[in-house]
Amino acid sequence: MKIKFLEEKIMNILMIISIILVISFLGSILWTVIKKGIPVLSWDMISKLPGGGFYIGKEGGILNAIVGSLYIVGGATLIGLLISIPVVFYINIYLKKTHFLAKFARLTYDVLFGIPSIVYGAFGFTIMVFLGLRTSLLAGIIVISLLIIPIFIRSMDEVTKQLPRELLEVSYSLGATRLETLKIVIRQIAPGIATATFLSIGRAIGDTAGVMFTAGFTDNIPTSLNQPAATLPLSIFFQLSSPSDDVQNKAYAAALLLTIIVLILSILGRLFLYKFSKNKIS
Amino acid sequence: TKNDDPNNNTNEIQISGAFALYPMVVKWAEEFKKENPEVRIDISGGGAGKGMTDVISGIVDLGMVSRELHKEEIKKGAYSITVAKDAVVATINENNPGLDHIKKIGLKKEVASKLWNNTISYWNQIDKSSKNNYPIRIYTRADACGAAETWAAWINKKQEDLEGIAVYGDPGVASAVQKDKFAIGFNNIAYVYDLKSQKPYKGLTILPIDINNNGIIDKDENFYDDLKMLLKAVSEKKYPSPPARNLYIITKGKPIKPIVVKFLKFVLSKGQKYTLENGYVALSEEDRKEELKKLN
Amino acid sequence: MSRLKWRIFKDKFAEKYMLLITVASILLLFLIGIGLYAKSIPVLDNFPLSELLFSSQWKPLKGQFGFLPFIYGTLSVTMLSVLFALPISLLTSLYITEKSHRTMKKIIFPVLDILAGIPSIIYGVWGVLIIVPWISDYLGPKFSDFTSGYSVLAGGIVLGVMIIPILISLFVEVLSNVSQDLKDASISLGATHWQTSKFVVLRRAFPGILAAIVLSISKAFGETIAVVMVCGNVPAKPTSILDSCYPLPALIANNYGEMLSIPNYESALMFAALILFMIILIFNVGARIILQKVEAKYIL
Amino acid sequence: MQSFINNRLLFDSKKMKSKISQSFLPNNKFGEIHNPFSIKIKNFNLYIKDQHILKDINVEIPNRKITCIIGPSGCGKTTLLKSINRLTDTIYKVKITGNILVDNEDIYDKNVEITHIRKKIGLLSQRPTPLPMSIYDNITYGCKIHGVRGRKKLDQIVEYYLKAVGLWEEIKNRLHTSASSLSIGQQQRLCLARGLAVEPEFILGDESTSALDPISSNTIEKLFLDLKKEYGIVLVTHTLTQALRIADNVIFMYLGEIVEQGEAQEVFNNPKNVLTQKYLSGAFS
Amino acid sequence: MQSFINNRLLFDSKKMKSKISQSFLPNNKFGEIHNPFSIKIKNFNLYIKDQHILKDINVEIPNRKITCIIGPSGCGKTTLLKSINRLTDTIYKVKITGNILVDNEDIYDKNVEITHIRKKIGLLSQRPTPLPMSIYDNITYGCKIHGVRGRKKLDQIVEYYLKAVGLWEEIKNRLHTSASSLSIGQQQRLCLARGLAVEPEFILGDESTSALDPISSNTIEKLFLDLKKEYGIVLVTHTLTQALRIADNVIFMYLGEIVEQGEAQEVFNNPKNVLTQKYLSGAFS
């Protein structure tokens, strides 16, 4: 009897310690970003295109990268959802759990999940060269989609697998087709979709290597899918490799901005999905 | 057939390649756009090889390259134009216990060769007068890059032969040396000198090269006090090459797209005056003329 | 009746469409695999496979391609990072799901989203500014004469911190799907919170947890830029966790852009990618087999 | 044509009359001449992981009658009901032989389209399972699938069926809150209302009153008695008095087999099989 | 000291006797002089999201008696049972006033250690919830937690309690398969066995026979009657005849209030409150 309370106490302490560890790790990263970013973050940074002096610490902002990142992440997330929801649904609802294709598909996405983005970048680049395409927004979106689809699928799949079977039975016995049952499944896994989406957005918006080879970089805002596009991580990457502290600080400003964008997306998305998930059965 | 290429008549220039040249080209592009507002220039980094591959496979118009071209590359049609110069220098920590004396002796080529070969591991192997046998910590670059290639070329090696702790990126090496009393590394000039104050960054000092190999840094070997002096020495070729190096912009074959030619001409004329403030070395007058000829 | 037919048609059509997408996405894997193989043919033709895999000599420009140090580097950094991140994430997610209030969840989720969204280069910078000096100044001297701090350990910690948000998000998702009825059942038998977590929650969620771990290991295998910045990049087999190392993705990232135009070199890099691909593949096949055994045991 | 809905339910039918004078679903069976159909189960066997769960089931279930299935816990009643709806699809490692004919279609035929059969056969599952949405959406879910549109009509349907199962008064103020916050008995009635709202032709109720107090059960029993004028009804029940009250036919199952079947009066008063005798006497003793 | 277990159950007690001559749990209550305790609920109110679910509950539940709670579906019976076990902790947006004293400890006191109280009060939940493990592990789960070790002893416990709830014969061959593959009724009995195996002092059963056929229910009723010699028992039931058969005391709830409480005979024969009268007559009619 005593042992179990002791165990409980110890585990409680361990949990608190890990929470503190996580918070302090993450806090120190955020702190680094915020401390270095706040002093240089200004309205000009957000609202202006870079001037040529920008790189050496003079004027201009990173509007190009903000817009480019949003384009790429938006496009890739859209494509990612359009492709991964059907796949998740197919391997969970249409196929039996033991079906060969379902097992094989899961394995495939696990492997795709682990492929480094530089390989996706290289792969995309090779194909572009092969097809004679130029670096462009479109190529960036496609490569980033490839990169995040496995994240989408695997994290949604994990949640969908937990779906109570009774739920499906009820829907079927009301005469719904499997496709119509999707509506219910989506409600139940909405938080899972949210998590998946943010993991993917996270990876998409922070990825450097995938876009460096395919979307290129530019100081302008792309006006068509065929033009290259700048991205925040690349802009951070370029600026961090500058000799001047001023410029490096701008990289932190960009990182802070990226953080803020992710925060806004996250809160909006969670609010939106909360609407769906509040009826989730537990 | 090239003249029929509709691409040739647009006002767009796409550039990719070495990070070493990236800030300079960004500046040039901005100035060029002031004169020609209708032009759109997209510049991205990615590395010299990327610029090379892009140009050869026609993905971009211009490539930035920070190393000498390989024969295969020239065979495949790479056409290089030197647009600026740059130099790599040896850096040590400001608080090195034997700083003053070491700076007097300088760095001989053969010593450098042994250092990055890992055959010297204590400071007093270089500086006999130093009493303490402090360890030497040798830094090199992790990423394949022109700076390391150039530094290796000076001691007749390849980048892959350089031993030492490999750190990612120019700023990485600079800050590693800044933090480590016993460090020695190498950097592009721009990462050593503060462009505003013209002096080396706090914590960093340049270890002069003993060019004539006489065991002491003579007066005319000592031009590291401020950025201007060093750049002048590079431009006058007093500082050996390598570790000074040419920076190239390449095209696929001789450039014919009008807007590209116009841009390159701008770079080789008015553009040269922006080099200094960005930490690069302008071409000498005759070099400049030579390169301009390549465009006609 | 026509409405019914229409609905059934939609269902059938969707089935075909989904099948198509699923198969196409599976083909992508093959495409990448084949692409990597095709690109590595030049090195594979010129050097025996055993030399490529088991030699430690890495001098590409002299024609020596030994990938062994990189394979070692990859495995050691990845393993260390998972060992480091796993207990922390698991305990944290248990705390979040089982103990904390819903308001805490509302705060913690956006925070995790952000952390997952911070580009890896920032993690790298953080590692260089904080972890590397910590190792070289405080931790290292206690265990060895000299360490620069750029080490397997630094790589493991930075990578671990990077996968923590992923692990936690997935864990929390899986754990919070364990129904309240179950926990209530256990608690009303007189189990403590921790016992309930240990015997019921973790057990129920075990397949999910295992899958999340597999995912995060896969991710750790492939993570690049942050590791490049802190692991020292010395192409030699590390003998302790304070030694520098050089994982495969770092090799690719360091050289890909610059060496793109040198055929043999590019091919060697693509072969590195192929090795990585195979490591991930083998790891996942193994994990799947285990996972299946586990799931068969815990089937609902 | 006069719809059945006007008078099929006891509660408050006068008030409903003016509003709803026909079935809610479009293209419903009442628009055409309806040919009542039956369910025929022939030599049906079901195995799960080598266990023989249902053994050689042969039975015909008539329309417009209430058929009660009784039998000890674990004898296979639920599995039988699920088989009629082919919900066995979702079970892991299941093997099936024999056929079940619904409306003369073999639902275990590979080529058969199961969706419309499922619509005809409403299964009310034993464990009440609210869908992860609001109470209102739970009820309208099936209707929407089958093409009912329009806020007003849906409102009517919700009110109508919630009243039918005696739930309206209790929850009319929280129609838009989550269905899983209901008490179990409320959930059970909700699921019943949801199942009825799609207007199936057969209703399979798996212990549909198990979580209900006597008064609510009574409401539901009356509802079933009324529904049988238009529907075929199969009820699994443990309350033998309930079976006695409402069953036309009774099926007694034991360890996966149908031991006895026949008219309710016959089975209850003159059980032929020893097992049935024992079970009934044990139960009534 | 002679353990109660030898004779407290009707089934097969002679055979068990030789094997188990004392309680299974270490340090159990039977080793010392046992002082039976009661549960006192005082001015207890419970709100969920501004809804007043339980209204000013005042009741004392004696030990060694069977107290039945009856009342229409949704009146708050389950919530009341959960409150006694403080399982309300997990409900979202819940507000509680008043106290519940178990063994003279206020379980809603901030400083109280709830785990040992929960051990004393076994709640058998309304929806049978097998834990995600084998049948065997389900039953031994609680025992292991409370420190029972040894394969042989555990085997005995499993057999003993499965026999007690009448499940042994049905499933003895599949003790090591997943508990969730049982039928609902089997699950319900399993959960009962699991709850009893930790030997609580009070048993709160929430419709513990709702999914059972009459014979199984009978077994369980007898079990409860026997258990009351040592335990305090609270049962929620919808089967009034069941309450009639086994209850010592009856509590009638309506819309979150306790409308009437007292001795079973008294309440059933002379209900004082109009609502009770109505409910009972409606139910028995």
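For this structure, a couple of remarks:
Residue numbering begins at 1 within each chain, and the chains themselves are lettered A, B, C, D and E in the order written.
Simple rule for what comes next: a contact is a pair of C-beta atoms (placed from the backbone, for glycine too) under 8 Å apart; a residue touches a chain by one contact, two chains touch by 3 or more.
Keep in mind the model is a prediction, meaning the values are calculated, not measured.
Common neighbours of subunit A and subunit B, listed by label, are C. Any chain bridging subunit B and subunit D, meaning touching each of them, is among A, C; the list is complete.
Counting contacting C-beta pairs between every two chains, the top pair is A-C. Greatest Cα centroid separation from subunit D: this falls to B. Distance from subunit E peaks, on a Cα-centroid basis, for B.
In this assembly, the C-alpha centroid of subunit A lies 46 Å from the C-alpha centroid of subunit D.
For this pair, subunit C with subunit E, the centres built from the Cα atoms lie 48 Å apart.
Of all residues in subunit A, those touching 2 or more other chains are 4-5, 8, 164-165, 177, 180, 212-213, 237, 240, 282, listed in ascending order. For subunit C, residues that reach two or more other chains under the stated contact definition are 7-8, 11, 179-181, 192, 195, 253, 256-257, 299-300.
Residue positions 92, 115-116, 119, 127, 145-146 of subunit D each touch two or more of the other chains. Residue ranges on subunit C touching subunit B, taken from their complex, read 58-62, 124, 128, 133, 146, 148, 150, 228-229, 232-234, 244, 246, 250, 253-263, 266. Across the complex, subunit D meets subunit C through its residues 26-27, 92, 113, 115-116, 119, 145-147.
Partner subunit D is touched in their complex by these residues of subunit C: 1, 3-4, 7-8, 11, 299. Only residues 18, 45-50, 52-53, 56, 70, 72-73, 135, 137, 142-146, 158, 160-161, 165-169, 172, 175, 179-180 of subunit B touch subunit C when the two sit together in their complex.
For subunit D in complex with subunit E, the touching residues are 48, 70-74, 76, 78-79, 126-127, 170, 181-186, 188-189, 207, 210-218, 238-240, 279, 282-284.
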